[in-house]
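Shared chain: chain A. Partners: chain B in the first complex, chain C in the second.
== the complex of A and B ==
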């Protein structure tokens, strides 16, 4: 808690609300912005939403750097400090247990993509049928060459989908080794992921041994890179994906 | 084009990562005011559509700063 206080000293608008063994990190907001009627309008303002979401995360990351933190969902407002204190005191046991579960651990995010060109040159060549068809297509002429190359394209595309799924489950299984827990998240479409390659894995891990986890990830990147897999690591995050939603008072 | 040449897009990816976590995950407290499921969906869908349209503009070779695109 002393650590949390130190992390917040730089930001005068933030307060540490201490209640027993626990403390909540809070900041006073204006009802003009956050009352139900005002909020509905603000939520439609993407600039406002982005700014507040980034602030929410920055505060969590500062506290995370200093101590264990349970990330709360964005935009939880108490009308009075006493209400927040009551929540902290009534749910003390559950909150303390949840904190113990994530103490000394951070969340790391992993995404895997398949690069089509590298897959075709690498992973796809492990398939005998693809190798044969590649030779046939290269030797064929005219209309037959066209048909063979279309057949090859379809075969490579099917094989890529199969390989992507297989690689994703291998990655998840191996990464669970150095992690305490892991969870599969929804895949992001290319226009949202910001990458042209197809995403085959989006996952999060609760990790205490970060060097060990990163070593395993690097080993997997080396093993799978030639076959067309690219990996992306994000974090450390507050343990968003590893706290129970069941802490309502 | 490598990610390094698309700083704007990278920033949007980070925002999406954030939205995925901050709005959809984490402890749900019994605050006096909280986002309802409908509220969250609204923000989420709005931001996703927005990120999606910005990404599409990027793909078409029109670099857009996220701030401009959000206005």
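== the complex of A and C ==
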């Protein structure tokens, strides 16, 4: 808690509200901005939402760097400090248990993408039918060459989809080894992920042995890289995906 | 982290908005605050973002523009708010409101 306090000194608007063994990280906000009716309207304001969401995340990361933290849903507002204190003391046992579950652990995110060109040169060539068709298409001429190349294109694309799924399940299985827990998240479209390549895995892991986890990830990256897989590691995140079920509504 | 690891996978970039959104909006403990975003509002926001993403044409339009510029997602605030203010002003000075003119 002393560590958390030190982290918060960096951000003057934040307060540490201590209640028994627990503390809540809070900041005072104006009702004009955060009252129910105001909130409903603010949620339509993308600039406001992005700013507040980033801030919410930054505060959690700062606390995470110093101690164990349970992330609350974005925009959880109490009208008075006493209400927050009451919550902390009433749910003390459940909160302490949830904290114990994630103590000394962080959430790491892993995303896997398939690079189409590298897949075609690498992973696709493991498929005999594709190898044969590649030779045929190269030898063919005129209209037949066009048809063969279209057939090859379709075959490569089907094979890429199959390979993507297979690689994703292999990655997830292997990464669960050095992790305590893991969950699969929704795949992101290129517009959202910011990358042109197709995303085949989006997952999160609760990890205590970070070097071990990163070694396994690096090994997987080397094994799968030639076949077209690219990996991305995100975090450490506060354990958003691993908070105790009983604390969820 | 060794340099070998750095070569084999990407990491350490600033968090993508998408990764923050999927965590901050969808996850985390839901406790009974005195004031809380209605879960339906959150759902609606997430659905809107997803719908918008499904219809976005170019990755370049992402970043923040993709929802700022979209009337669906920024609905009620950008143009809608202006319209509302305009209507209020028109009423105040006793002019027929733009709504009435249209109908």
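Just so we're on the same page, the second predicted complex is superposed on the first by the 245 of 249 C-alpha atoms of A that agree within 3 Å, B and C clash if a C-alpha of one lies under 4 Å from a C-alpha of the other, contacts with A are read in each partner's own complex, and residues count from 1 in each chain.
Here, a contact is a pair of C-beta atoms (placed from the backbone, for glycine too) under 8 Å apart; a residue touches a chain by one contact, two chains touch by 3 or more.
Just so you know, these numbers come straight off a predicted model, no measurement behind them.
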item: Partners on chain A (chain B, chain C) - clash or fit; value: clash
item: Partner chain(s) touched by A:213 [first = chain B, second = chain C, both, neither]; value: neither
item: Touched partner set for A:225, first chain B, second chain C, both or neither; value: second
item: Partner chain in contact with A:243 - chain B first, chain C second, else both or neither; value: both
item: Contacts of A:43 with chain B and chain C, given as first, second, both or neither; value: both
item: First (chain B), second (chain C), both or neither touched by A:233; value: second
item: First (chain B), second (chain C), both or neither touched by A:205; value: neither
item: Touch count on chain A, higher of chain B and chain C; value: C
item: First, second, both or neither for A:83, with chain B first and chain C second; value: both
item: Common interface positions of chain A, toward chain B and toward chain C; value: 34-36, 39-40, 43-44, 46-47, 49-50, 53-54, 56-57, 70-79, 83, 87, 98, 109, 185, 188, 191-195, 234, 237-238, 240-241, 243-244, 247-249
item: For the chain C and chain A complex, residues of the former touching the latter; value: 1, 4-5, 8-13, 15-25, 27-39, 41-42, 45, 53-54, 56, 58-59, 61-62, 64, 66-68, 73-77
item: Chain A residues touching chain C - in the complex, by the definition given at the top; value: 34-36, 39-41, 43-47, 49-50, 53-54, 56-57, 70-80, 83, 87, 91, 98, 109, 185-186, 188-196, 214-215, 217-218, 221-222, 225, 230-234, 237-238, 240-241, 243-244, 247-249
item: Residues of chain A touching chain B in the complex; value: 34-36, 39-40, 43-44, 46-47, 49-50, 53-54, 56-57, 70-79, 83, 87, 98, 109, 185, 188, 191-195, 234, 237-238, 240-241, 243-245, 247-249
item: Chain B to chain A touching residues, read off their complex; value: 3, 6, 9-10, 12-13, 15-23, 25-35, 39, 42-43, 46-48, 50-52, 55-56, 59, 66-67, 70-71
